[in-house]
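Report on one structure; see the data block that follows.
Going in written order, the chains are labelled A, B, C and D, and every chain counts its residues from 1.
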Amino acid sequence: MSINFPQRLLDGYASFRAGRYASEAERYRKLGEGQQKPTVMMIACCDSRAAPETIFDAGPGEIFVVRNVANLVPPYAPDGRHHSTSAALEFAVLQLGVKHIVIMGHGRCGGIRAITEPGDPLSTGDFIGKWLAGVRDVAAIVDDEKLSLAQRLTLVEQASVEHSLANLRTFPWVRVRESKGDLTLNGAWFDISLGELNVYDEESRRWAVV
Amino acid sequence: MSINFPQRLLDGYASFRAGRYASEAERYRKLGEGQQKPTVMMIACCDSRAAPETIFDAGPGEIFVVRNVANLVPPYAPDGRHHSTSAALEFAVLQLGVKHIVIMGHGRCGGIRAITEPGDPLSTGDFIGKWLAGVRDVAAIVDDEKLSLAQRLTLVEQASVEHSLANLRTFPWVRVRESKGDLTLNGAWFDISLGELNVYDEESRRWAVV
Amino acid sequence: MSINFPQRLLDGYASFRAGRYASEAERYRKLGEGQQKPTVMMIACCDSRAAPETIFDAGPGEIFVVRNVANLVPPYAPDGRHHSTSAALEFAVLQLGVKHIVIMGHGRCGGIRAITEPGDPLSTGDFIGKWLAGVRDVAAIVDDEKLSLAQRLTLVEQASVEHSLANLRTFPWVRVRESKGDLTLNGAWFDISLGELNVYDEESRRWAVV
Amino acid sequence: MSINFPQRLLDGYASFRAGRYASEAERYRKLGEGQQKPTVMMIACCDSRAAPETIFDAGPGEIFVVRNVANLVPPYAPDGRHHSTSAALEFAVLQLGVKHIVIMGHGRCGGIRAITEPGDPLSTGDFIGKWLAGVRDVAAIVDDEKLSLAQRLTLVEQASVEHSLANLRTFPWVRVRESKGDLTLNGAWFDISLGELNVYDEESRRWAVV
């Protein structure tokens, strides 16, 4: 091919064709017939080390995935503007009718670190600073001076997931479905170094390793 | 566990621990030491049937992934508001220094279909309608009456990727890096039914199967 | 006096001077010495029939009161714009350190009715329509056709208070104080006709007359 | 009751039921039949020491009350955004047809003081700073160095009411009704320590004790 497509991706695609696709061609054919029907929506980070399909060993058709920097859910704001994550949420809940929404954070999150230790903005647009502005007040809560930076970042990463859960409930159609038992909301946090999943127990307000 | 975490995900996680993680523990440990260093950024759709890591058989640390409904890149707008995709782009290009950006669309895209055949808004916020508003003009271009609906949707899905490539170049730091040869921009489209990847050749303005 | 001040108010003020003030002059003198120290913040409606100080027989210095149309709390939005209610909330929680926040709705709310049965906007600014836009999705949830209009409006009024409670928890410094036990959040609804107070039990998700 | 409702409020409510409500049950029943019909709108501060109903000894149904920090009226801005006070104004003037609008400031206003002597923002959202930004230019006018801080704050509190009166007249439907004699606009300022009401005479541009 004359097109300058990244070779690494072409190799990976060849591997997909020879492997997974070869053994699942029929499943793909069926999945391609109509609309997708996933029961889980996941809001995860763009980070290359925390792909939901890998961590949950999920096949095609299983998880509807939003990925933005620092896996944030903004609060409900029907103001007529572009809202990437809210649009995905509306589509997943009202169109696809997913049964579970999971917000998954992870360790060593560059986005969380950028807002916790702010420096010069990356560009004059300061898109990252604006996108993460809401995390700053969350980070301010974790102010224990005895904590190491790594411990503090972990707490902010987890507090930010808890905060996004609160934001999720400001979408009327999310809150009502949850209260009727038609939708579950969960928080998770993936430790990259150890490959360990932690989940949030809202009742006890504590995080625990699975 | 007392937490009501989706069982399907817990099973998948157990499979990840016993399989991939068991054989790559050392790689995860190293990846978790500092910041990620991916060379590819991919902007893909939330669709459960088109996960980049699956289609390109990518391992942890390889692809920085944004996923929004219909894999859109908005134009550069340094207006001080929240811009999910622009923030991810800024982070990937200016902070991580990725070398390739790929925008990947796919067949049977529910988002593209929603804007091509608009009906009642899903909620009064109409987040999906607002998010996809920019695609409407793109869809209007594809108005050949001899086309079947399926053919027409495919053309809109591909035209939308072409449009997002143009939007990508409205970010000054993207355009400059591309013109210096430090960054490549590519469009791709995945046919779910056939499991086939198509890529866009900007010179000939044509799409071709890999 | 030559000034055209509403006579009804001047009469009422004379009554205040001869009555309450005469018997509480010393209390006013002390309250005027420094900053106020209320322990309760109340978010109530502008409605002339549902004044918090009357319903809770509160004296000067006791309740910090926000009153807007339909007693709404918007979600946390640190976007650099004017936010009347969020400013009051920030002042009450972070400056005054109130211990309780109560959101009080009431029956026959003209604001709720205006959004539930929308007609022509009152002015080209359509300030009421914009202000209440967030209630529309809440109202859409209450769609039982067997309900009378009055029953339906009551349910929307109460559902809107529940929704504002969810919004309250998107303010990081509110959520954290609540989880530490330093702040309680409550929903109330006042039946004007019967003069009866109803409160919301978040655990059972039910409203009960006090 | 199992609900953790502030006891002080429950006691006050019991007092209301045994006192005012017991003697005015019939009035409440009638007021609850339809829409409210107040003739006065008041824009007052959230301050716990300056409740309009107390100062004007007003009963249920008499005053439509907006309360925000520092009793501000913003200028007319039909920009499609949320405007709490403008929405209340539109509702009171165009829907309820009130005959009088009174803006009431008061002494020892924490909001006015916060903007006159700015320190660190309370939160990263800086909602109070943003909300009061318009008062800063008003405060700058009162720069007589011979004044004590208390004197200066009083002048800013009163100048801010005068400014809000000017803003009120930027709403086309307010100005027109006033010029036709259908609506009066008044400024007032309440001295908490002395329990004294001061009103503004726009002709002589002076404040006088009632």
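In this text, contacts are C-beta pairs under 8 Å (C-beta built on N, C-alpha and C of every residue); 3 or more make two chains touch, one makes a residue touch a chain.
Just so we're on the same page, UniProt names per chain: A, B, C, D = Carbonic anhydrase.
None of these values were measured; they are calculated from a predicted model.
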Top of the farthest list for subunit A, CA-centroid basis, is D
Note: subunit C sits from subunit A at a C-alpha centroid distance in Å of 35
Chain centres from averaged Cα atoms put subunit C and subunit D apart, in whole Å, by 14
Cα centre of subunit A to Cα centre of subunit D, whole Å, reads 44
Residue numbers in subunit B touching two or more further chains are 80-82, 123-125
Contact graph of the chains (line, ring, star, complete, other): other
Which chains touch? The pairs are A-B, A-C, A-D, B-C, C-D
As the complex stands, subunit A meets subunit B at residues 1-6, 8-10, 12-13, 15-17, 19-21, 25, 28-29, 31-36, 38-40, 46-51, 53-69, 74, 76-78, 80-92, 94-96, 99-100, 102, 107-108, 110-111, 114, 122-128, 130-133, 172-173, 184, 186, 188, 191-195, 197, 199-201, 208, 210
Touching subunit B in the complex, subunit C uses residues 79-80, 133, 136-137, 140
Subunit A partner, complex, touching residues on subunit C are 75-79, 133-134, 136-138, 140-141, 162-163, 166-167, 169-173, 175-176, 179, 205
Subunit B residues touching subunit C in their complex are 80-82, 123-125
